[in-house]
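Below are two complexes that have subunit A in common, paired first with subunit B and then with subunit C.
So, the complex of A and B:
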């Protein structure tokens, strides 16, 4: 700090160059820059060039330097590069501009094009390289002078390339520019590649990169890239034309599989092309065009192509083809409308076939039960059953109907999973289609319930828990499709009650599982009554046990005890038609029980009413069974004992023969008079006792199939059976089967009555809450409330509203629009 | 033991404030302390394996041993065997040079004859994380004020931003205390000559100090002649003296709700009426 310097800097001047030195410095610089342009830079000193440029900038002549450099590069491009590039464009290439799609001279044009592209690519790369070096040397200038006011020298020089090479004319007097040729050449190459040729991809990639590196404006916004302004529109136009033509071409081939395969391939090709040959930014645009012109406008037609379309694929399980269709359709339509429509149509068609065959089959006679679709394992067991009970043809066909639908569902589930990518929308539309045709069959509820009945009785025997689970789930799935769930409930209850009372159910666990599944699917309200049936059964078990104890304690020890197993059923919960006799009108007097039984009956009644006062027990003999020990005295004097398991009525009949002397007979009328068994049941029981070949405990005179009032019956001491225990079933009694016409009408009538009640209850519930409501609103709400259980008939709702008004639950409060009010 | 090591490391790092990997690099060190520590790495850094994991120390040891050198920088007086990785990392100039294919890249030698050899030496030291002594070394003594100006210029020319910052700080410290020395006017002349007009770092400092001491400085003949001869300085000084050196920091912003005009006015001058519509109550300061 002691240094005393003169004012002038002591060292050799840093920047003492005078203004007039600018020219001499520039002379040195310009020589070197030209060397750089001719790729001779390796002998030039970076430091020297930099130092010169630095000096000029310190002289405050940076702007002049900038202009000089620009001028120099411009001259270079004009005098050398431009010539080089235009010369590489052969005459044939220029001529090819006018004739579009000159595929005939493709190889010649291709060669010329590649030569041109290579020349342009080289020119561009050289320019980039040398401009990079110039920029490095001019770094100080760039930083100090240019910042903020002018584009960097690099950008400026790039723009020069655009102006003086790309935008220059191909031939001195031609209006065709290099860019035009470049554009058409690349498009030509692409069209070659699209038609299956292999092209020089890297070359094109480089030229595209050049277009991407150049901008229209000095500010270099993304949107002003030459690629976007010059090339992409042409590319899109060409792609559009190509795919319109491609669509037509493929349609003419008329094969849906081919169409989809090629279209899928095209998508992949375009993706690859955009990624590796052109620009990634074009990918969505090109694909959109492809979607629009190749797929969207054709997919409908393709899907419906006769003989090869989706229907054909579905019928022949062409999962690959279906998957392609799905992918293509998904590209253009979120809802995949075209595909869904066909699939739905096909499902309904196939479903109708199943419906029809379920009706036709029973009529087609028992002999040939094979009109339906080819089935799987379950089919065989069914055929076995056919032999067992040919009379139950209808029941079998009902179960087959369910099985067929489940098979169809499995098939479409497979297609959905493997080909439709687990698509939600398609799943629900498949579901809707199933629901559609299932509900076309008016007996679907009954059939499904029979299916459950069959399986719960026999079908699940020997199956693992898992298999049972799947089986029940399948059934539940069908239940989901059924609209009239209340009808199903009725049938299910009817079938269930028989299973419970006759102990036909194979597994109570499975029954309970079924209930809980239904509960999950349809709701609490639905299963309430079914559950209470189960409750009655358990309560009855306890009751039986308690009664046994009671007898053991208090009973008359002398009397021979008769074991009683009793089921006390809550009448409102169980299907009434089981209990009440179907004969309408005439009051049926209760059956006269034999003495022993009658004592037992009154003893139990006392016991029961003692516990639950105020209840009324009515005895349903038609549902019960009895075990009898019967002694047969052979003509040889030997006695043979058999244990007979018979229905309650049959027991009553057999006990009658205890009361008459050995060898005497009873006429039908006598039996009827003594027992008061209803005709219908009496005939059936007598048939099973006297007509059925293996269980002839009684002899009938005359021997014939029918039972006439005058027929005589007598005890058959010669009854013979290989087993000690003999079960004598009632002819066509216990099994659950398809209802006949009358029964169905009956059920429907009951159903309608019940529905009427439900509708009224719903209307009153709604109105109580809303007080006043217009007609249409009330209709919608009622429909939505009831839709869980069934689809109500609109007319029925209207009638119910009328009836409620008559009974002064509702009143009309307005006419326009019609409005109702709640009467409290 | 470990702890001590760490401490030593920390101290080391303090003197090499330009290396970014070390935290607290910005902490100011008193001048004399820097001078002491500066010599530490030179003393014991010969074995690169000595301090494992200490990148600064190993780099400095390579600088001293010239091991793995792949680049030579020559000045008129000296030759430095250096490492591209270090040099190019610090200076964009060298980075760009090595990007291209030049005469220098062929034989790995760069001749820098146009600059002050002391400044180049200091710059190279700085690149290796060794602080420089403003008053020169055994090869030659210089005025610290002038030296920092030259260093600033070199840093500017070769694009070493951290060195620029460091030189500016050091220069500011010295100039604020030594403005009455004879080399202050020389510094003004050099600074105005070798930096760009838009580069306000040194100019701002010089103008500020000159303004603060204008009365005393005007008595100096040398200062007056610099004022006369140095392009731009006089103008900057006048602007500064008038208190209106374009910085909007000293201004309040005003808005007139009557004529919806915005304007700003220096804080010292009170505003009593709107300059656009002449009203006196409808404008407010924002």
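So, the complex of A and C:
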């Protein structure tokens, strides 16, 4: 029907057709146009009509034709279509104009509305169709006359529809126009749909398309679409109201999960509605309103809802809920501030709990009998274990502290990955929160080092390379959060030195791996000293082997050699406080070794100093061990041999008993005098030799736990053990564990001295380069230079600056602002 | 003579008066010092001091008259004669002016003058008789409380002057005495007191409370800066914890604030 027929070029002869032909031709045309309007077009011939119109145009009467057609269509719309449409508007629909309540007489209004919309839609489609045909017929007129001067006949007729159908009054006396009814009806339908009803979407879509196809002005600019001028503002206003109310309603329900679920649904619904029912162009506008009134103004409250908010979701791993919250928050805020805040707060809260429990645990275990009833099964067994090893309680809790934090981190990593879409901003704020509470625990560095110690000693046994890797990575991740990395270094070195010297390390590969990981994380400077500890160990191995060779070649074959395994340590690289007695300020004379050992000692010294002249060897008896073969003579006369693995001091003590007649005893003071072992070590060693139940190689008189100067010690020939090889540990020595208060103060003091040095070095470095610098700049630079290792106390820096001024490395060169100069 | 600006001419004239030298000598020294009068005079006396120049012979005479041990230390006036000299020019030993004279003549230690510095110092001021020195001392006495720059110079020089032999820092007792000298008007200093705050008393009380530690140079100098500031604004609006004050002064601020808090409480009661 609409298909264009091929148009033959008109013959020239027609151009002089008579004027009075116009009326007769128009008569024919007008009849046909009415036929088209009443949908009887099938009976008429397009070609004939076209030719008529063409003729008229050739007669130079195109303008008249244009006016005539316009008049005809106007009459048609006024007399027929308008009536049809207004009649479809029921009285109830007119009355319902002012009611905004969707539920109010909804079914009745809906029915009437649908009827109206259908009528309007039909009228519009008919009009479009008819006008299409009319345009085809009048094509030549459009082209010749209208072009450039008047809107096309099609556009004009569309405007006629706007003026005489849409803008006409609903009732003769009413000021209400058809558009008003249309608007309110569609909005009513939308509100029905928003409250969950199914509505006739295609119908609405058609009516919207009509509004989109009509313009306010004859020039038809995009912005003058009726949809934009008439409908959209009303839609936006209605949406705004709806979402304000919706926000309130959902908040009143008081359930964050529901809120977020519904809000998320709403977003999807609105998108769909705009795409399929209304106009795509409205989508961003409606969504912006939704974001603003439903989400932005409520998200803060929703996130913090007691009992159902983000905190609840985090505690119960409601990933879907969290994801919804994240999506909603991301819609309105690039930084997701509301969500981030709650997450951070929760992390710090949980972290503090972990911190507290690491402090409380030892006390709780001590009070286990009374508090045992509230613990669950798992807790009870753990407490039982703690009681078995009271001295290690704190160490256990230190390691548990790390484990707990790692578990917490894993949990939040999971949430982050699954619910927060790997959001970078949130990731860094989670990190900051962890760092925050980890550094609240003043012993975090020590605990973390103990964690590594425990794992490198025992934890990694039986684990695959991959598992070890993950374990170490986790630890390193915690190291990243720790601000005082220098403190960690101190503890790590201390623990490492014990692992190395006592050969407690489970795997040297893992140790090396750990160092390379640390190097990557905190830099070369940090691991330098730790690496040189390893180097010492390797060099010492060679040394031991070389010395053995040397003895085999040159040694006195008569004398039974004592095997020596030596570790030569560079004193500046190792934590020497380990080896010296920390409490004793006075000079401690070196321990007197038994003759055999002393010979060995001087033999090695000769060997070593021969190779490295100018060095000084000092012997650290407190760190070594010795293997002894001991013979016990039973009262029956039988002998029993045991191989004892003891500390160097214990060896010295035991060998003293070789020198005295069988059955005689030595007092504490006598032992002390003959061995010159420091009191502290002597007591501990005597305790492990004479008090510890399984390793009583000595008898003590009187038998008690404490060691007094007058106590007597006697070789215990009745010593018995189920094993041939007996390892005698030193009471509360050896193992790496949490420091007590005194040790801690000591470490802190040492730390502060060391830091003072680092700060001064940094200040001098900076000033040397910059020559003059204001106080605040110098502070900032110093802080940033040192932040890799630790966070210095501002007052400490100030004191260091003062001291440097005093020692004339710096001078004050300005007052406003305070400025320092470098004194070369 | 090449054309000189009026200022330069004036400087040449002054130089002439002070050193009793010819204009050509004056221009030579002034040019060499870049037209800086004090420097030029310094340079002149450094050159002339060795030779027994007749221009400064008056000063030499005065110096010699106070010189007590011409055999051992021909170029030094010892403590006894120094006190006589100060008395003769009307300067008390316990006033700031005395320290100002010591600064002027660059005394190496308390009550000791050296020949060169003695001549140089007085020559700059154009004094060659006891009478003019007395006049000049009176002028200095008046200037000290009103010329912050001079005050600071004298104050800072005092630190070097008051240190015990071989010590880097000033003993608390000496420092406290000197503060009492400088920071009260009794001996010609500046009163460190404001309407609400007896700063000096509190400062001494504060240091006593901290165990009378020796005072280092930086603290000594900063106390004077601090004093000026506190006189400007006794509410200490200029102070901030991020500032570059020595720790002792930071702590003193807290001390003052605490004390004020207590006092105002007492007022309320």
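Following the convention adopted for this analysis, the second predicted complex is superposed on the first by the 761 of 824 C-alpha atoms of A that agree within 3 Å, B and C clash if a C-alpha of one lies under 4 Å from a C-alpha of the other, contacts with A are read in each partner's own complex, and residues count from 1 in each chain.
Rule of thumb we're sticking to: a residue touches a chain if its C-beta (ideal position, glycine included) is under 8 Å from a C-beta of that chain, and two chains touch if they have at least 3 such contacts.
From a predicted model like this one, the values you see are computed outputs, not experimental measurements.
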item	value
First, second, both or neither for A:798, with subunit B first and subunit C second	second
Partner chain in contact with A:50 - subunit B first, subunit C second, else both or neither	first
First, second, both or neither for A:31, with subunit B first and subunit C second	neither
First, second, both or neither for A:779, with subunit B first and subunit C second	second
Contacts of A:806 with subunit B and subunit C, given as first, second, both or neither	second
Between subunit B and subunit C, more extensive residue contact with subunit A	B
On subunit A, positions contacted by subunit B and by subunit C	none
Interface residues, subunit A side, partner subunit B - complex	1, 3-9, 11, 14-15, 41-47, 50-51, 54, 57-58, 60, 132-133, 136, 139-140, 143-144, 147
For the subunit C and subunit A complex, residues of the former touching the latter	168, 216-219, 221-222, 225, 242-244, 246-247, 250
Touching residues (chain side subunit B, partner subunit A) in the complex	92-93, 96-97, 99-106, 110-112, 114-116, 135, 141-146, 153, 157, 159, 174, 178, 181-183, 185-186, 189-190, 193-194, 196-199, 222, 225-226, 229
List of subunit A residues in touch with subunit C within their complex	775-776, 779, 794-795, 798-799, 801-802, 805-806, 812, 815, 818, 820
